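We just call them A, B, C and D in the order they show up, numbering each chain from 1.
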Amino acid sequence: MTADLTLLLPLAVLWPMLLAGLALLPGWGPRMLMLLPLGPLPALAAALFAPRDTPVALPGVLLDGGLDLTATGAIFLGGAAVLWFWAGVYAAVYLRRDGRPAAFALFWNLVLAGNLGVFIAADIVSFYVFFALVSLLAYPLVIHDRQPASMRAGTVYLVLAVTGEVAILVGLMLASFGAGGAIGIEAVRAGLALPSAHPAALPLLIVGFGIKAGLMPLHVWLPVAHPAAPVPASAVLSGAIVKAGIFGMVAFLPLGTPAAVAGNVLTILGFSGLFLAALLAVGQAGAKSVLAYSTVSQMGLVMGVLGVALAAGSAPATVLPAVALFALHHGLAKGALFLGVGLAPLCGRAWRWGLMAVLAVLGLSLAGMPLLAGALVKSAMKDPAGALGAVLIGLSALTTALAMARYLAVLPKAKPRRRPPLLMALPFLALAGAALWLPWLLYADVTGKSPLAADLASKLAEAWPLGLAVLLIAGAVAVGLKPPALPEGDALGPVQRRAAALTAAARAALRAGSRSLRRSRPRKQAVIGEDLDRIEDIFREGAAAAILLLAIAGAVVAASLI
Amino acid sequence: MDLPLSDILSAGHLYALTGAVLVGLGLYAFITQRHPLRQLLAVNVVGAGIFLILGSLGRGPDATDPFPQALVITGIVVAVALTAFGAAMIVRQAETRAAAKPAADDNARGAS
Amino acid sequence: MSPLDLLVAVPLCCMAAALLLGRAARGLILLAAPLMAGLALWLALLPPDAAYLVGQWELPLGILLRADGVARLMILATALVIGAVGLHALVEPPEKPGHAAQAETFWPLVYLLWAGANAGFLTTDLFNLYVTLEMVSLAAVALAAMGSLAAALRYFMIALLGSLAYLLGVALIVARYDTVDVTLLAQLAEPDLATLMALGLMTAGLLIKAALFPMHGWLPPAHAAAPAPASALLSAIAVKLGFVILVRLWFEAFPAITGPAALQVLGGLGAAAVLYGSVQAMRQDRLKALVAYSTVAQVGYLFLAFPLVAGAIDPGDAWAGMTLQAVAHMLAKAAMFLAAGLMLKAAAGERIADLGGLAQAMPLTVTAFGLAAVSLMGLPPSGGFTAKFLLLTAAIEQGAYLYAGVLILGGLLAAVYLFGALAACFAPATTPRTPVTGGLRTAAPLALAGLAIVMGFGGTALVELSAIAAPWAGPALILPEPAP
Amino acid sequence: MMTFAPLALILLPLAAAVVSFALPERLSAWRNAANLGVACVKLVVVTYLLMQAEAGLVFEWRYEFLPGHDFVLRLDPLALLFVTLSVFLWLLTTIYAIAYFDRGPNLPRFFGFFNLCVLAATGVAMSGTAITFFLFYELLTLATWPLVAHKGDEKSLRAGRIYLTYTLAGSVAFLAGILWLQSLVGPIEFATPPDLAGVPALTLTLIFILCIGGLGVKAAIFPFHGWLPEAMAAPAPVSALLHAVAVVKAGAFGIVRMIYDVYGIGTVAELGLGVPLAALASVTILYGSVRALMQSDLKKRLAYSTVSQVSYIVLGASLIGPFAVIGGLVHLVHQGIMKITLFMCAGALANRMGIKAIADLDGAGRQMPVTMAAFSVGALGMIGMPPVAGFISKWYLGIGALQSDAAWVVAVLAGSSLLNAAYFLPLLYRAWLLPPPADRPAIRELATTRDRMLILPAALTALVSLGAGIFASLPFSPLGWATLIAEGGYLR
């Protein structure tokens, strides 16, 4: 029985690839779009039923790769599968009039395969393959609508994704070498903890995964790329794909051995992202941008906590379950929030109020409203976050709440008298429900504590930042205060302009240089040629022959006498 | 090296020396003269000098060595043949030139 | 009867027949070519100590013919070259338009050249060598005269000068040693002034015949102007006789008295010839002039080899390299001249730039040119490569890096000018070409060039053949076992 | 009989060459049949040999072509790697070439020299002595020259001239080097590396520089790479062949032989020659990439990409570590498959739609999706994106560099990956995402047999390069074979 169930792991990644292949068949594009929800089903089954920590070897594949489902990985996998499933249902409706169904289905399924594969890879090579798949092939999803803004966003995305890939590749090489050439993820992580590990390995990995997960200064692609994609794709980008970066850190950070420098840097960057990104979110004009910044913020929280744990040398078991749970909640909630953006124009009148209510609950949950799932996962995160971290997490409720309020405020206006189609509403509600329910369900299993352990009063007491936020929002609304309008991708614009100017300058310099190299020297050949002609004329004379004859005869005699 | 002149002459060296002088004269003419006919004659003078040298070698104190003589005869035959051939070519060239006056094929580079 | 005298007698008879038959003599080559090839092959396969005394006279006076490795290879190559050139000339008579009589004079000259060359390769008597030298010169000048009388006349004068210098040297030798036989001289020779002067004069005279730089002035005009088959014979065979006689002089008659410095004079001139000939060839814009200058360069290799042979501890490789260079050049250069002749006939003019479109119009002829070029450049697999490889190995082993450098550079320069000509054939045609191809016309150069290439595969056999009765292997005529 | 197997691999293409030269154009169907038939027979022979070699058999054929110098054809595993690659790719290129030219001028000549190239490349692979290697190496130069100059226009002739200038200069340098070495240690056989103990270090270094310089010309190592972009004037099948298999690989292969089978890694390390060579290769890698970025012609960009990529092989060989040499060897195969894909696609684009400049690529993906899909796989592989085969090479090279204490090489690899992405991804962007120009007529990509022959070989090589990456650790995968070679010979 178990033997059969381990096969769910390869099936989880092969099945979407098969679906992707089918999308290539001529004329099958629309059909495969309808079948998008089928993709993550084996993965869901695997997350539920496949045995944990039982590696499946895949002899001959890559460098004798393998798949393995860890307990943490299972939560990531399950959450991603749920999100992908409902987003798939949503996409099937949302994109039914789309002009490029085959392309969407193809890349959707490939990214899905990569995303799921990241969570179950047992060796670094497979991991890297899946990571590259999810990272680079998400590009077509970002630019799916081909609008100029999307294309620009796609370019930024691609540049950073490729940079991240290279950083990860080099980091993994260094790490694998440090681990004596091992390629198993466990062994490599153990190797990173050794004092002999290459000093650049860990930073490179953090940079690489950080780019994917939106670590603060490297996050610039995220607020431009996530909003550019079609709604269901944004949902998986922000909900699931970002988690690949988080999972990378989960898999490779050598928790349990103190790594002060890397840990502290990660902490600082993570927590500053937590606040800065949320504040930047407030300045955004588009609902999707707000959500994207919110994602940066929330992922900053996760990475901050991971940084603290890394610096302190906390055991993985004390950190990872909480991180997984947090990621699960954030993924599902953020997915639902994104789907809400797509639903908003379709919800007239009463539907609008219902939608807003669900979204508000989700927002509050993200902000850590007591009794909601978000508070639960945040409380789980406070343990490994240390004292300061816990305070910061508590404070973040304020900024998150502001961001969420902004989100609700800029939600697209509804067209009158529209009813949302069932197959778009259902995924939204299902994801929202899952986000609010699953953490409760899993809390005990994962953390080993009862979700209701802490008393209600203390939780409410900890919610004061949330109250402050409510007050601030009410005040702002009352006086008509408008947030500043900030561009998507904050620092990106100026950087891009500088880069363009530099490139142009370099091009011009190179061109000038090559031109000056090509400038030919005056040709002397003709002059030498005339001389050669004259010499040859001399040789042709009989007189010259006679003289040379005597000379050579003399030379031979003289040389023989030497 | 105070050989009296008579000794030199009696040893047959007179012929050899004359031959050498002829060779020198011929060479000088070959170098200084440009016309093919004159060059041909100059070469013949050189040849005559060489044959004189060869011929003088056969003259021993008591008997004549036939070997150099044989060589000289063969050489003269060859030289005569070649001279005739050369003269024929020079004549032919003169005829062609006369036939096609302006087409001076001598000054063309390379082949003709 | 022995192949040694037949190889001389048969061409002489053919010459007589050709003189008598006039125009009808052309067909004679159909008989002579296979016959001579067979004789040459027979000669090559004779036991190592084969010799023949013409007319039963004892040595100082008699004419001894003997076949060492060099002679065997040269005679075989001569038979192949003249046979192929003759068959080619059968269908492509070497005549200028309006000079139909030229074709008549061609055939006797060919046989005269053949007889003279064979006799020269076989004999070791300095005076006989003089006679053969003159036979060959006479034939060569007459062949050259088929193209340009002026060039031929210049050739004649200079060649005559060379002959006389040689003769003077022979006279001095006779005076000093009273013998002209190479093998006897090897035992008698002493390094006195008379001998050295004789050697110097003979060498200088022969260098004219062999057209070694700077005495090559007569060659390019004569070879470039002659009809293609004549040029082929001139470049392939006429210059080789001078070379072979020099080999006899320096390595057989006077190895004891030729100092290293004197050898360096020859080697240095050879090296200079390689470079100078190549540079001049690069500058030519007419195809046949280019090929002619290529001969100047290729002759340089032969003399560049002299110090390498003399300086080697085991001279077998260098010796073989020198000999094979001569043979490979014979085959390749004859092929190249024949191919060039056909190409120029089809082309718009005689310049290299006029060759456009020929690669398409007459691919086989261009292939022949190309294969010959490969051998001349010393690219593998080819006889030229084998020869240069052996020489280069010898040069490097002796630490003669200057010669090694010239060998390498010469190959590169050859590539520059020969590929330049080949590339021109690939250019598009400015006007439609009427290809001159078919039958023996194309087959002859192709076969010769093919042989030059095939030589590259039979290196071991050729090296062994070249070593037969070689002077460095022991006293002449007391012959060693063939190398295992 | 089996000792003749190497000889058969030489004689088969020779036969095809003779047939190609001899048959007139109106019998082109027969010529095509002969070419394909011989290619298939070779493939069968090689498959058989591979299986025999797996069992440890080594075939050898020798002939004394000059006293003391043997002409040796030897099928050791390294030779088989290259032979297999060339035989496989040649079959595909032949199919492609038949479709590409259809009824062009001068095809007998083209296919004749084409087969001579196969012969020479196979010979280079199987050479058992330095001299044999040189013979085939030079033959390769000669046989490819008419192919480069095939079109006969001024550009092609110029390219041919430049090609010859470079390669002939290179081969004489190589010849001088090996002759020098032979004069010191006797004939060099790869199977029994010479004993270099008595040779002064300076001499060895000079000889090494001569040889590597000579081989580096064909391997297009900076600063000897100038001929390669020029050679783009040749028709597409030739470019594919020059760049993917025959010429550049022969150079790189020779460098591997030089380091591992002539000098031996011990001597190279002792003389300190590995690091400078690796540095040179690194410079080439980066320089080629930068130059590729500056090109506006599709084939030129691919050419500079080759300059860059081939040096990976040299890099792997010069790093002298187990993983590095595996990486270098496996890249020999991987780069071949991927680059031939790219060139065949570029040729198909030019042939079908007249696309030559990069700016013309707009919308090509929509009109020729199969071609562009294959192109994309090749390009992603070049970048090193998994699971395409190029990734495996880079992985091994990176780890190998670390093993050899050369962490800076990893930075080179990373930089090169970024540059590769920078010059390949815009191509894919144009082809897939931009609309085709309005005036370009619509075509059906796989309408006729000829179209399929033109495009499907590239599709197949694209699939193979995917497969070589995904199934890298199967026993007969390129990686498996490279590991076998390394373990059998170079890791002792």
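Assume contacts are C-beta pairs under 8 Å (C-beta built on N, C-alpha and C of every residue); 3 or more make two chains touch, one makes a residue touch a chain.
A quick note: this is a predicted structure, and the numbers were derived from the prediction, not measured.
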Label of the chain whose CA centroid is most distant from the centroid of chain A: B
Which of A-B and A-C has more C-beta contact pairs: A-C
Rounded Å distance, chain A centre to chain C centre (Cα mean): 77
Chain A and chain B, separation of their C-alpha mean positions in angstrom: 100
Whole-Å gap separating chain B and chain D, where each centre is the average of the chain's CA atoms: 67
Approximate Å spacing (C-alpha centroids) for the pair chain C, chain D: 42
Sequence positions of chain A contacting 2 or more other chains: 542, 546, 550
Junction residues of chain C - those touching two or more other chains: 157, 161, 220-221
In contact (per the touch rule at the top): chain pairs: A-B, A-C, A-D, B-C, C-D
Residue ranges of chain A touching chain B (in the complex, touch as defined): 533, 542-543, 546-547, 550
Complex interface listing, chain C residues touching chain D: 316-317, 359-360, 363, 367, 374, 379-381, 385-386, 389-390, 392-393, 396-397, 404, 408, 411-412, 415-416, 419-420, 423, 426-428, 456-460, 463-464, 483
Interfacial residue positions of chain D with respect to chain C in the complex: 21, 64-67, 69, 105-106, 108-109, 131, 134-135, 138-139, 141-142, 145-146, 149-150, 152-154, 156-157, 160-161, 164-165, 168-169, 172, 175-176, 179-180, 182-183
Residues of chain A touching chain C in the complex: 529, 532, 536, 538-542, 544-546, 548-550, 552-557, 559-562
Residues of chain A touching chain D in the complex: 59-65, 125, 128-129, 132-133, 136, 143, 146, 151, 158, 162-163, 165-167, 169-170, 173-174, 176-177, 181, 198, 200, 507, 510
